[in-house]
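Next up, some structures in structure tokens.
There are two complexes below, and they share chain A, which is joined by chain B in the first and by chain C in the second.
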Partner chain A sequence: MRSEKGIVPAIVVWGFVALLLLPAAAVALNGMTTEWDGTVLPTGFTTAWFHNLFEDPRMSQAILNSLLISTATLVLSALVAVPAVLAGHFYLPVLDRCLAVLVILPYAVPGIVLGLGLLRLYAGNFGIVLTGTPWILILAYVPLGASFYYVPMKNNLRAIPAREIFEAGYLVGASDLAIIRSIILPSIAPALIVGFVMNFALAISEFVYANLLVGGLFPTLQIFMNVLRGGSGHLLSGVIAIYFAILLIATSIVLWATRPKSAAEGQ
Partner chain B sequence: MIQSASAGARLAAAIVAVPLLLLVLLFELLPLLAVLVNGFLHDGAFSFANHREILASAFQRNSFVNSVVLSLATSLIAVAASLPIGRALHTMPVRVQRIVMTYANFGANFTGFPIAFAFIILFGLSGSFTLLLAKAGLLGGFTIYSKTGLALVYCYFQIPLALMLVFPALDAITPDIEEASRLMGASRFSFWTRIVLPILLPSLVGSFVLLFANAMGTYATAFALAGGNANLVTIRIGELVAGDVFSDPNLADALATLLVVALAVPIAIERLIARRGDRDAQ
Partner chain C sequence: MSFVSLRGLDKHFGQTAVFTGIDLDIERGEMCVLVGPSGCGKTTLLRTVAGLATQDSGTITIAGRDVSRTAPQHRGVGMVFQNYALFPNMNVEQNLSFGLEHQKRPKDEIRSRVAAMIELMGLGQRAKARPTALSGGQKQRVALARALIMQPQLLLLDEPMSALDAKMRKRLREDLKRLQAEIGFTAIFVTHDQEEALVLGDRIAVMHEGRFSQVGTASEIYNRPASRAVAEFIGEFNVLDQAMVRAAFGRDTAKAWALHPESIAVEAAVPRDAAVDKIVATAVVTDRKLLGSTVRYQLAVGGINLKSDQLNKPSRALFQPGQSVCLVIDREDVRDLDS
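Presenting the complex of A and B:
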């Protein structure tokens, strides 16, 4: 629905989007300037900082570590969260109510508190040492990111006439698993893609656990940013610009996955 | 739920849910429990000594006061800002709404270091905005490292989060309602104060509580911006754990316990009120 009073709302909305993107633009610009100190706009442009950055072995190590953790988190979270949400929605209403509460827990309990608890449990006090290894991050990111599957999946699932689909499937002799695999999963694909991307983005953006539980022993991109904080602002800008570029790609994938199927739906 | 699902299918469903529940238990619930229990241990015995120690220290108390003030202020600003932005977004095509909400989702969820550093570039001692403001004579005593600066950065993720929480509720303000209020001669101001706010109040309160919890729990952004200089609860906890001197680990747990309680109480009250509201509505 397009309103007649168009211009003011458009300014408000696009102004908001511009402000959201402003930090990313500033960092990218700073990463490409020779000198941006004491002037409103930068004075010269160079891509040298980016070259320097990629020659730094710590940088490639940090990117590699972050990609490893993010990919592992993405795979593990998909394997454990997607079946659980489907099981709750189709078969176990009790589980569904449980999940609805559990997924908001990370929003109610601060990361620093949970990180502290993880340190208490997995730093050897109980004979298990997971701190200092990437494993603790991968395992602990899955509960944090569960809401990124739960919310979009439930939105998609609620719009599906599940009973009709399953009854039609049973009539032709299909098993539950076959119905889920060939009908349900394809129709909630947008939600799944949103879940994958958001979990990947979570793992690549997370700082509190990474700093508290692993730190320099398996430095991620966020930890590398912390290391660079004291040094050249240009190098740090370069790292952050690369991070923002990854997030921008993630945003684009989400936008593409959730696009309306026909032009009519977009209006 | 499928009514006709067999017992075997339900059992299989329960089994596939186990790994997620196990991870939630081991890496979310038990850690939380460990913090709560450890906070009560003082010299190996169960006591409130740690909590008393924190409440008796002006420094620690101040960290709570600072966190609460910062969180209340930015949550209030965020809810207030999300209303006009949400209303404006409502008049836009669905396609635009989807794009804006996707950016808001990323803005709300992924902050920390990168955003803090971006703000330093823009508003730091020689940042472009600092220079512009100084030229316009509007700078005053503002620095990005101050409490006001911290509030500015918090707003960067609080406003998108508020928009995500408030925007769906704005569906309740239909064009009919707006039309009716106009026909009855309501001013713009009374439309907002006597119609929009009362209708949205329950969801605004709910959003406010979540925003408050979000701000209270923020660590990475504050740490990246001000290091240990910002006297906030989360910074103090982080310092007690990761600082050079790990003087009293149970003190960190006790501080964390107080933080959890400070968040659980408003959330519980809000839930209770919301549930009563739902019952009354039926």
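Presenting the complex of A and C:
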């Protein structure tokens, strides 16, 4: 492999980055134009669409609702999935094989079937009424998000000599909980970060379940976008640009919060 | 009573015996090496002593205390694992202090013990480095330091040098012997490398199919193998059964023979002063390899293949493949084997 920087790799990488960013940039740009129709470049720029959006109470409510749902999903799915994956990996290998199948299930079953199932489950038939509340949405997203922890966590766990690490910990007097908390979880931090980000992104960007399970009773950003679909394209572009910005900020916060304590330690 | 005593240890996985009838005594400050081929049960035996595996029967006594059913953390043992099992998220200092912190030692004591151990192991430059940034030899020293800093009564080492290159292994063997002399720890060292066993072991236990074939000093094991299994595993003996002895040397014997390669002298002709108690035979050189200070000859004698190591003296001409030579063996150098 050549060590010097080559122009071809740079073109390939930056071309790929541009391809990914281009739609987002175009949408953001559309949200800042007076008119962009039939021309290569917009004919005029304005921030009026963003002003309108920030003055619209539905927008701030949708952002709040989406953040609530996403954060709750992130926290709840982490509390459920992370201990389950660890328990399966270290203590119950038989159940671990079941988990491997179960995490695929929500994606194998069509969304409409799963949505109807959740409605059936939480519509009072079993004494639990959650329809129309954010809880039903959170409970729908948690199983969907579990696979985002399972796959990267398993890959990280397989990459470390976990059994020997436990045994080394036992021999110096540490308990299972101390070993998991002090060694295992920090060692699989990259997998957890992937899980956090993916769960947050799933919950804030999902529309099918949100529309089916809560709709206008608890409007999220996606529901709000759907409401705006029939109106101005510039306004809708503004919402999407804000949505991208929220995702970017949230991802940055997660990466900042879970960064290594000292880069020097890795030297 | 010995400092470490294993009595009648048995372990089975289902119907398969992993080890049976294990009796072993280790004195304080002694390094006992368990050596044997892969799958002979030595690592499982070590894990059983550590409490990481459970024996079916038998007792383990360390410093006069029966720890046969004691939890690993209360046995007073430290262990160095084959893959080191360093804590990947912690730097060298943190790896060393982890156990002391769990013992709730005062911070000053932890700091001073960690610093002293890092100094002893020559890891000063790498104290802040994480395991991924360490070389194999450095990882091995950190693993050893992590075990030693807990001041275990018994140190267990499970093939800790198997992943290192030959030069590094040699250096670390010397380091380990130096540390043992300085600290005076008692240890059980598991290896499948006979050279490592002979260099490191104050006492060597040769394991074969879950049993000790022989326990003794390096000299006893090397010079007086008790069985064919030991002879074949240690020292690259030429092992000849009765029929092979008859074919090669024309002698009838009650037992099989074991001959060190260096015990077979290769001469151009029968020496005039060959005494009566010498065994003499004519052979043909089939191959020759220069190993530095020695030359290894492959020899065919009476249809039997033998290997012989000779000093590679500049003044002495080497025999050529295909050349007819004379083999001379001292009868005293022949080891009789029971089976």
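Operating definition for what follows: the second predicted complex is superposed on the first by the 222 of 267 C-alpha atoms of A that agree within 3 Å, B and C clash if a C-alpha of one lies under 4 Å from a C-alpha of the other, contacts with A are read in each partner's own complex, and residues count from 1 in each chain.
We adopt the following convention: contacts are C-beta pairs under 8 Å (C-beta built on N, C-alpha and C of every residue); 3 or more make two chains touch, one makes a residue touch a chain.
The structure displayed is predicted, hence computed values, not measured ones.
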Given the touch rule stated above, what does A:88 touch, chain B (first), chain C (second), both, or neither? first
Does chain B (first) or chain C (second) touch A:254, or do both, or does neither? first
Which partner does A:172 contact after superposing on A: first (chain B), second (chain C), both, neither? second
Please work out whether A:18 is in contact with chain B alone, chain C alone, both, or neither, and reply first, second, both or neither. neither
Touching A:64, do we find chain B (first), chain C (second), both, or neither? neither
So, A:237: does it touch chain B (first), chain C (second), both, or neither? first
When the two structures are overlaid on chain A, which partner does A:245 contact: first (chain B), second (chain C), both, or neither? neither
Quick check on the superposed pair: does A:222 touch chain B, chain C, both, or neither? Answer first, second, both or neither. first
Partner, of chain C and chain B, that touches more residues belonging to chain A: B
Chain C-contacting residues of chain A that also contact chain B: 167, 170, 265-267
Mind listing the chain C positions that touch chain A in their complex? 50, 52, 71-73, 77-79, 81, 83, 85, 87-91, 98-99, 102-103, 128-130, 132-133, 146-147, 150
Chain C touches which residues of chain A in the complex? 160-161, 164-165, 167-174, 178, 182-183, 186-187, 189, 264-267
List the residues on chain A that touch chain B in their complex, please. 1-3, 5-6, 8-10, 12-13, 16-17, 20-24, 26-27, 30, 36-41, 79-81, 83-84, 86-93, 95, 98, 102, 105-121, 139-140, 142-144, 146, 162-163, 166-167, 170, 176, 198, 201-202, 205-208, 211-212, 222, 225-226, 229, 233, 236-237, 240, 243-244, 247, 250-251, 254-255, 258-260, 265-267
Which positions of chain B touch chain A when the two form their complex? 1-5, 9-10, 12-14, 16-17, 19-21, 23-24, 26-28, 30-35, 38, 84-85, 87-89, 91-96, 98-100, 102-107, 109-115, 117-119, 121-122, 126, 128, 131-132, 156, 159-160, 163, 210, 213-214, 216-220, 223-224, 234, 237-238, 241-242, 252-253, 256, 259-260, 263-264, 267
